[in-house]
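Before anything else, here is the set of structures, which you'll find just below.
The following pair of complexes shares a single chain, chain A, combined with chain B in the former and chain C in the latter.
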Partner chain A sequence: MKAPLIHRSPMPGLGLSMGITLTMLSLVVLIPIGALLLKGASYGPAGIWETVNRPRVWAALFLSFRLSLIAALFNLVFGVLLAWVLVRYRFPGRRLLDGAVDLPFALPTAVAGISLTALYAPTGAFGSLADQIGWKIAYTQWGILIALIFVGLPFVARTVQPVIEEIEREVEEASATLGASRLYTLRHVILPMLMPAALTGFALALARAVGEYGSVIFIAGNIPLVTEIAPLLIIIQLEEFNYDAAAAIGIAMLLISFALLLAINLIQVWSRRRIGHV
Partner chain B sequence: MSDATFRPATEETPLARRLLITLVVLGLGLLVLAPLVVVFVEALRQGVGEALASLTHRDAWAAIRLTLTIAAISVPLNAIFGVAAAWFITKFDFRGKAVLITLIDLPFSVSPVVAGLCIVLTFGANTAIGGWLVGQGYPIVFAMPGIILATMFVTFPFVARELIPVMIEQGRAEEEAALTLGAGGWRVFWTVTLPNIRWALLYGVLLCNARAMGEFGAVAVVSGKIRGQTATIPTTIEMLYQEYLSVAAFTLAAVLALLALVTLLLKTLLELRHADQLAATHRH
Partner chain C sequence: MQPILTNAGTIPAQGPHLTTAALRRLTARPIHRLRGLAAGLALAALSLGSVPGPALAQSLLNVSYDPTRELYREINAAFTAFWTAQGNPAPSLEVSHGGSGSQARAVIDGLSAQVVTLALASDIDRIAAAGRLPADWQSKLPHNSSPYTSTIVFLVREGNPKGIADWGDLVAEGVQVITPNPKTSGGARWNYLAAWAWAEKNGRDPREFVGALYRNVPVLDQGARGSTTTFAQRGIGDVLLAWENEAHLALKEISEDRFDIVVPSVSILAEPPVALVETNIQTDDQRKLAEAYLDFLYSPEGQAIAFRNFYRAWDSSQAAPEDVARFPALELIDIASLGGWAKVQPEHFGDGGIFDQIYVQP
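After this line comes the complex of A and B, so read on.
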């Protein structure tokens, strides 16, 4: 016998809570995303391909994805280190540092954008230092990379931190008694335990970076083919009332987001199967 | 063996520790704290008077008022959604629950610009719905309703995803007991459920509000950035910055940075004092 769609329950408020949930979800999220997908369906794959398959669009998509990948890889390594230091070590200022990790989540992107630009522009505090060795950061791909590292910084640290807290010292002690060096224990015992959470954080940081707009556009320089990111290209198309092109690029980005979301879920299924919990 | 050289086998060498701590402090300092400090340095570059004067400018003031209005409408709406969705998901058993949760989380993985684009394609003046609404005198895009929709889209999951794990953990026993004792549905909610979830609710609302006031990408697409009318604080910061009005731009930015700091402070306070009543992922 097939399970009923909704089980009978003595709890009150089924109609009201379901009504509010489904109505608001549809109105705010599903109908707008549906409108974009519908627009895409009306051009068909060939129509979307024709719009996307132009040097400027490819350059923007490729740039967004490539720099996001590098930024997320940096954050993967730095995030794991950060989580380890924050959980395991005690030092003055640790709580402050722990709070600072969330700053990129809390600071509005436009604020981060102009302050990063002020820092890394040739006249800025860091930019002028880099300028002396001929290294231009703001208005180049380096600037975009720094902005993307900034917005993705908390993800890996925050997903890995609870996992490190859960690790029982006995495991490390066992490894040490069996003659493993500290480095060997870290690499072959600790790191595999952190991997699923770290990869989830990595995918989240990547997804965030690919779609990031506010913190990037100020520092990017926005030169077509060189430092023009995909979200900016959508805005440019919209400002020229070129809705079809905007929608086509939007769909390409939506597909990348869905693929990353799927990857995150697969990582979690895989890790649940491997160690029994996330 | 002297005490100074004794080290448990489950710890790194002091040198390695010191190296790692230095690395992390330097990294966070350069990447995260420096940008925060710069906001205030640039805002106060020409003195406190100049900064305050730029805040009282007509456009800046209009932007602050608009952002507060947008938050005052979209945050409560999302809080109501979050409570309703969490109630529906945790108090009832139905098929497709996992799909529903994924759909609620969806806005977090969509680019804000794409979110704005979706709203323009649904409610823009050249669409069926949008065209009709404009005809009735209710434009959505390039007007306040569009900004509210865009803000709600990007902040949609905040309250729900904070409440759902908390309410799953608390189970249904207390509500069921209240019902057996004859309490009505609303009474159960106000006197049993709400006191149990109030800190988690506050936590979700706090994060939702910070994002709502600071949202830039989605709002930039739908608002049209009409000065004094549809320009929020973040879009006004962009306009001022591009007109080389650095002090004015950074002063407004400092207002948002202060909001971010207050949010972080309250968030940390909640985590310290009510950790047992917040979602498990935040416990540390």
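After this line comes the complex of A and C, so read on.
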């Protein structure tokens, strides 16, 4: 007998919840992305390649993805650390700090961009200090990196936090009684447990950074080939009413992002298999 | 300050209207858990659907570009007084501001503006190409449909420490020029063309000159306001290429004694045009209102307001003398002598055009 396509759960309401889910998903995600792909399809693969295969577009894509990767890596390390501190230590103002982690989500990105620029411009509080040692932050790639770190910060911290809360101290203590050094415990006991959640957070932070526009645009300087991010190129094409080219760059970004996220997923599967279930 | 956001006051709710009846059909199953959710959704749908639409006849949406906020605030107040004095009910006037190009795109994509007042004729040409107004729109009103004009001047730091007097000084080693990105800002195209026109007049190779100028630009902001902020608040650069009205506004709003205005020998006659968007006029009453609004811009009173807001208008009969005396005479080149927007736009600012070639050799 053929297995049914949908396994009906004994719980009622599958049809309804499935309907609502699919409708919502289609309205918000599938149809817009489908429209983008459709636009690209009408332009043709040759047209897309011709649009993307230009030094300026490559430079912008390379810049966007390189800085997003660096920012996500930074957030991976810093986010795990942050989550650890928030869960394991008790100090005054902990709840406040815990709440502050989510602020980058709540703040309009334009506001974030403007305040970061105000701080890191040569006239700003930090920018003027950096300026004294000849280090320019705002309007360089450093500025973009800072903005990307800012918007991606909560992801790793928030995905890792509940996992750390679940880890029982006995595990560490057992490891210690078996003669493991602290570093050994960290590397072979704690980190493997955090790995899958941290990778999820990393992927989210990366995806967020790649698409970020609002905050970066104020701090970037937007000089072609130097500090021009890929989303700005899309806006520029739109300003010229060049919808096809805008869709082409959008599709290129979508494909690269998809490949990256897939790779991260595979790493996750691989690490789970290696470590066993966590 | 924020060139991307469009602050439309009242936009009629677009998109699918989810009626409560439809919602009820969706959620009428006897599942207790969902009742709360359904009620919430219905409420949300109700509040979306019931954005109070103003009476159509007496409302007007003017879609404008970025630096006209102060101008149209005053124009709207004066026009309301003028319109009600004629025995009409008070109109509801909304203005939306943003980058000229993105505003044009919003109108093409269905923002129901009855009046557009943009930075560039080429942006309104785009709307015309989409069939929303006749192709000969620019001949419908006097002065190429531009009730006020402006030009591009330099804003320098107090005392002009780099000694900048004319366009030629901008390409000197170590001078940093702030101007927005011509690809995203209508105003920035005038900046670029003014530099081009000066180079042509002075026997320099314009392509090379403009290239050298943009190599001195450390930050390409999205719009004119962004550049003004970068220059005035962030302290970047030695000279800001600005609309004359923006430069005066910066002096007035930020500080009189931190900046000086330098007027170059040659600049461009920037004509920000206005037009009626035919397909968005719903009733005869609304047409009357929209036409009166545009005519008001040409009236002595409207022109005086333009002068007061640092625009070079045409009719100074009611303007305060000091508002008119503010503008020094300089040689102004108009867009027609550069070949008109239809030629300039693709040649200079199109994909792979002369501006792009400054950064990437073809």
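Here is the rule we use: the second predicted complex is superposed on the first by the 226 of 278 C-alpha atoms of A that agree within 3 Å, B and C clash if a C-alpha of one lies under 4 Å from a C-alpha of the other, contacts with A are read in each partner's own complex, and residues count from 1 in each chain.
Note that a residue touches a chain if its C-beta (ideal position, glycine included) is under 8 Å from a C-beta of that chain, and two chains touch if they have at least 3 such contacts.
What you see is a predicted model, and the numbers here were worked out from it, not measured in a lab.
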item: Chain B versus chain C as contact partner of A:Ala118, first or second or both or neither; value: both
item: Which of chain B and chain C A:Ile223 touches, first, second, both or neither; value: second
item: Touched partner set for A:Ala110, first chain B, second chain C, both or neither; value: both
item: Partner chain in contact with A:Tyr139 - chain B first, chain C second, else both or neither; value: second
item: Contacts of A:Leu76 with chain B and chain C, given as first, second, both or neither; value: neither
item: Chain touching more of chain A, residue-wise (chain B, chain C); value: B
item: Touching partner for A:Ile236 - first (chain B), second (chain C), both, neither; value: second
item: First (chain B), second (chain C), both or neither touched by A:Pro55; value: second
item: First (chain B), second (chain C), both or neither touched by A:Ala245; value: second
item: Contacts of A:Met195 with chain B and chain C, given as first, second, both or neither; value: neither
item: Footprint overlap on chain A, where chain B in one structure and chain C in the other make contact; value: 12-13, 16, 20, 110, 114, 118, 124, 214, 218, 235, 238
item: Chain B-touching residues of chain A, taken from the complex the two chains share; value: 3, 5-7, 9-14, 16-18, 20-21, 24-25, 28-33, 35-36, 39, 78, 81-82, 84-87, 89, 91, 93, 95, 97-116, 118-119, 124-126, 146, 149-150, 153, 158, 161-162, 165, 169, 172-173, 176-177, 182, 185, 207, 210-214, 218, 231-232, 234-235, 238, 243, 246-247, 250, 253-254, 257-258, 260-261, 265
item: Complex contact set, residues of chain A against chain C; value: 12-13, 16, 19-20, 54-56, 110, 114, 117-118, 121-124, 138-139, 214, 217-218, 221-225, 235-242, 245
item: Complex contacts: residues of chain C adjacent to chain A; value: 1-2, 4-5, 26, 29, 31, 34, 99, 101-102, 105, 108, 126, 181, 183-184, 217-222, 226, 233-236, 349-351, 356, 359-360
item: List of chain B residues in touch with chain A within their complex; value: 9-13, 17, 20-21, 23-25, 27-28, 30-36, 38-39, 42, 77, 80-81, 84-85, 87-89, 91-95, 100, 102-104, 106-107, 109-115, 117-124, 126-127, 149, 152-153, 156, 172, 175-176, 179, 184-185, 188-189, 207, 210, 213-217, 220-221, 234-235, 237-238, 241, 249-250, 253, 256-257, 260-261, 263-265, 267-268, 280-281, 283-284
